[in-house]
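This structure is in structure tokens; I'll ask about it shortly.
Letters A, B and C name the chains as they come in the text, with residue numbers starting at 1 for each one.
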Amino acid sequence: MKKSPNFLKYLIFLLLIPAVVFAGVAVFDSKQYIFIAVCVSILACLPFFYAFENKKTSTRKLTVLAVMVTFSIIGRTLFSFIPHFKPVTAIVVITGIYLGAESGFLCGALSALFSNFIFGQGPWTPFQMFAWGLIGLFSALLSKPLQKSKVLLCIFSALSGVMYSLLLDISSTLWYDGAFNLSRYAALVLTSLPVMAVYAASNAVFLLILAKPIGQKLTRIKIKYGI
Amino acid sequence: MNDRITFANFHPVSLFFYFAAMLVFTMFTQNPVLILFSLVGASLFSAATSTREQIFADIKFYVPVFIVISLTNPIFSHSGATPLFFMNDNPVTLEAVLCGVDIAAMISAVMLICKAFSKVMESEKLLCLFGKAAPKLSVVLSMSLRFIPLFKRKFKEIKDAQKALGYFKSGSFSESLMSNARVFSALVTWALENGADTADSISARGYDVGGRKSFALFRFKKRDAILMTITLVLSSVTLVGFLLGKADFEFYPYITQINTDALSVILYAAFGSLSLIPFIFEVKEALHWKYLRSKI
Amino acid sequence: MEILTLKNLSFTYPTEEKKAVDNVSLFVKEGEFICLCGSSACGKTTLMRLIKRELAPRGTLSGEIFFCGKAQSELSERESASEIGYVLQNPETQIVTDKVWHELSFGLENLGYSSDIIRLRIGEMANYFGISHMFRSSTAELSGGQKQLLSLAAIMAMSPKLLLLDEPTSQLDPIAAADFIATLKKINRELGTTIIIAEHRLEDIFPIADKIAVMENGALIAFDTPKNVCRKLKDHRACLGFPVSARIWQALSGEGEVPLTVREGRTFFKENFSPRKNDLKTEEEKRETALSFSDVYFRYEKNAPDVLRGVNTTINRSEIFCLLGANGAGKSTVLRAAAGLIKPYRGKIKTAEGAKTALLCQNVQDLFLMNTVKEDLMDILSVYGIKKGEANTKIEEISKMIGISHLLEKHPYDVSGGEAQKCALAKVLLTEPDILLLDEPTKALDPAAKKELAVILRALCKKGVTIFIVTHDVEFAAENADRCALFFDGEILPASDIHTFFSANNFYTTAASRISRGTFDGAVTESDILRLCGKEKK
């Protein structure tokens, strides 16, 4: 993969986002924040999808990606005995750490998209794609320290659970009010606090138990199949 | 599964256009007439394609959502010029109450449209759509769809295998967590190691040749073209109405009057028909079958 | 015309010194049906993968491969992908998509065919392979045999000239395997497709193959017609999996026409031997009961039909008991009930007092989750609360007994099928069971590995362990069981010793019994026949 042309493409996409925001504000009198927000989240995912479509990926890498995406989709059912626990975040973090930024982002975004194919699409899909994608991306960027320190891993996974929840609450606020209403947002965050806490804690526990074994498995596969 | 839904028998591309148009228009507007049409159309379709129990379950879900959203809006929003009463020194205005109802209706409509979309577009249709736009991601999607039942079955199989050795314990929460994690770990190994087979099977069938073209069983027929044309015409009319400002509606500071001029009525008619298309198809087909059966 | 030519082909894996393929030269004519056989690690798979460029392993290669007169390196990607088809071993993992039709179209999509052509081709394939009734089904709903047939159809949709199959029937039950082989024969005879198949189970393939290629330690030791190979490789290890008729012929005379099928075997016996009676009766002993079923009923759901319909049977202490029967009939359910995984809604399952059961599942990979075999063995002991020092001694003991000491540091997925079976067995034995339950233990094992397994099981029996096996491997049961019973229609029919059992059955019996019937009544295994002929088997 050559660096410069792809970098340019990213840049173009990145420029598109503010363009949409400005256009949205200009055309719709700044009232349709939600529409703008949906567009922005989709546009933010596009460069990754575009780059993935346009380069050669070995079938083995493709399969490993599909396997990880599948785990994050079915993880919910497999660990149904823990209430409110979705291992998606944890699996996306592991994918990011061990398979790199692209796989991390794709695993996050595709998990959101595909699992909603199964559990039902909703207005939240684009935000989920964006949020989980970012979590994958950041865990790839922090790959080294996260592999070294368990404490950091715990903090990171709990934080990403919190961030995810906060981000989706922003989207809900936008839906409800058409604009960002701080008091509404505060209320939403407060009501979702218990679920958020369980979610963050379960992420940390899950990663604590499984990050290392799954990481070893992924590393072995990477070496064995030359991914 | 959804063979019984008439609307589901259209080509995915036509369906996608229809739902995209409905979603964008509904999300875009605050106009109560348009939102009402959207909500009624989506509700009727949902009712026509659900069993009695599902309808009750839906009512149980949507009515509280509707109420909560409409009631909470005046608490958070204090704009509007007509205070009804004061709560903690904050005015609760008529405009905010009505705006809450409007937003609640809009969100319910969007959710119902999304639900209809999920109902009508099963994985095969999505693959067909996806395959055209992103052939590579669609391969990931179809693999994932294949893996889901496989991994679920395998998880059970591994759990049984470990249980039969007294290896799996589910007494306390931590025992249960560790046991399930152990099964999951075994499943991850199995999936990753055997994934090489799947990858080989893809390579063996020429994935690396390049120039993959997605194939789907759907054929674009005359009726798909008709749906597409209807959608396009009605959406264009609606769009023109939007651009001319006929759909504009404001709650704050005062509630605007609903437009009743000729152009607005045309806009309402166009969008109303667009919203009702899926329901009309269901009813038409139901009547048609009733007629056919009466002939026997 | 030659479709495939291998000239002095040698191959070494990067981490190994020994050649995996050693100076193999092979000429395959168009339309030939070739069977490649040899023990597990003889290099069959490596050789087959080298022929299919997309799957070629990395390593040092020397020699030349020509396909249709062109050097392999000169083939275009398209030619190589579409003209050489490759079917893998495992039906579960080689299916890529979720729908049958999509699996059929997958290869054609990759080659960029137009929708109209794909529609036509997959329609044709579905018809030819008789799978049109499940055209729109999910691939997850298919049985193993149907999955394998689908994989074959998906390859054939690309109309390959050469079809390579790597042990395609090893995961299938005997009936599905025979169906699969019959379909291969049909493809070969009706379409003229050249076929190279690597196999362990040769009973069905020998009669239809044009040539047999036998490999040992990476080298090709024979490549000739089936009959000539039988003549050439007398008393050779590689003959273990050959058809029973041929093996008996080799052991007895080794002269005249080689019988390959049961029919030919029968003629051979009628012509060469006078009838004699089998005096090989196993003596009945009274033994304690280890496990008993009395009127056991089971169903999976309240409104589902009964799977077990009043199962009644007793299994004696330290015997090998084999339960035979068709696939999907509920044999495994009996075993699951014995292991306590499912609870019967009526009837009782009793184990001798204090007796522990342990079940070794069908797919032994289900038991591995660590990075080395040793860690895996440690893991189960830690769950049982055994301390490290003691655990080490236990592992050492068991590894020695089963013969896996050299595998302890390996990853459980890096060992061969037979070795994995042994490692899993070690894991099960660490729980110190008194009753060992085995579900299809010979599936995917080559003949040599089966023999090793039999030796281990017999040794365990001597130590007082009771062994209850569910299998469709009739030959394995006949050679190793003390008693057998047939599972049918939700019940276990009365059990009897193997000689009574197999000589009473007309269809559900060993090839040896079918061959010798009428000449040597009551002989059920190869060694029985040889003994009656006055020749001990080596």
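As a working rule, a contact is a pair of C-beta atoms (placed from the backbone, for glycine too) under 8 Å apart; a residue touches a chain by one contact, two chains touch by 3 or more.
Just so we're clear, the structure is a prediction, and the values are computed from it rather than from any experiment.
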Centroid-based (C-alpha) most distant chain relative to chain B: C
Which of B-C and A-C has more C-beta pairs touching across its chains: B-C
Between chain A and chain B, centroid-to-centroid distance (C-alpha), Å: 21
Geometric centre distance via CA averages, chain C-chain B, whole Å: 48
Rounded Å distance, chain A centre to chain C centre (Cα mean): 44
Multi-partner residues of chain C (each touching 2 or more other chains): 369
Multi-partner residues of chain B (each touching 2 or more other chains): 123, 139, 143, 185, 189, 193, 195, 198, 200, 202-203, 207-208
Residues within chain A bordering two or more other chains: 213
Chain A partner contacts - residues on chain C that touch it in the complex: 58, 369, 371, 411
Residues of chain C that touch chain B when the two form their complex: 52, 54-55, 77-78, 81-82, 85-86, 88-90, 92-99, 101-102, 105-115, 118-119, 136, 138-140, 151, 154-155, 158, 336, 339-341, 358-359, 361, 363, 365-369, 379-380, 383-384, 413, 427-428, 431, 437
Residue numbers on chain B that touch chain C, as the complex places them: 123-124, 127, 139, 142-143, 145-146, 149-150, 153-154, 157-158, 160-167, 169, 182, 185-186, 189-190, 193-195, 197-198, 200-217
Residues on chain A engaged by chain C in the complex (per definition of touch): 213, 216, 220, 226
Chain A partner contacts - residues on chain B that touch it in the complex: 24, 27-28, 30, 69, 72-73, 76-77, 103, 107, 110-111, 114-115, 117-118, 123, 126, 134-137, 139-141, 143-144, 147-148, 151-152, 155, 176-178, 180-181, 184-185, 188-189, 191-193, 195-196, 198-200, 202-203, 207-208
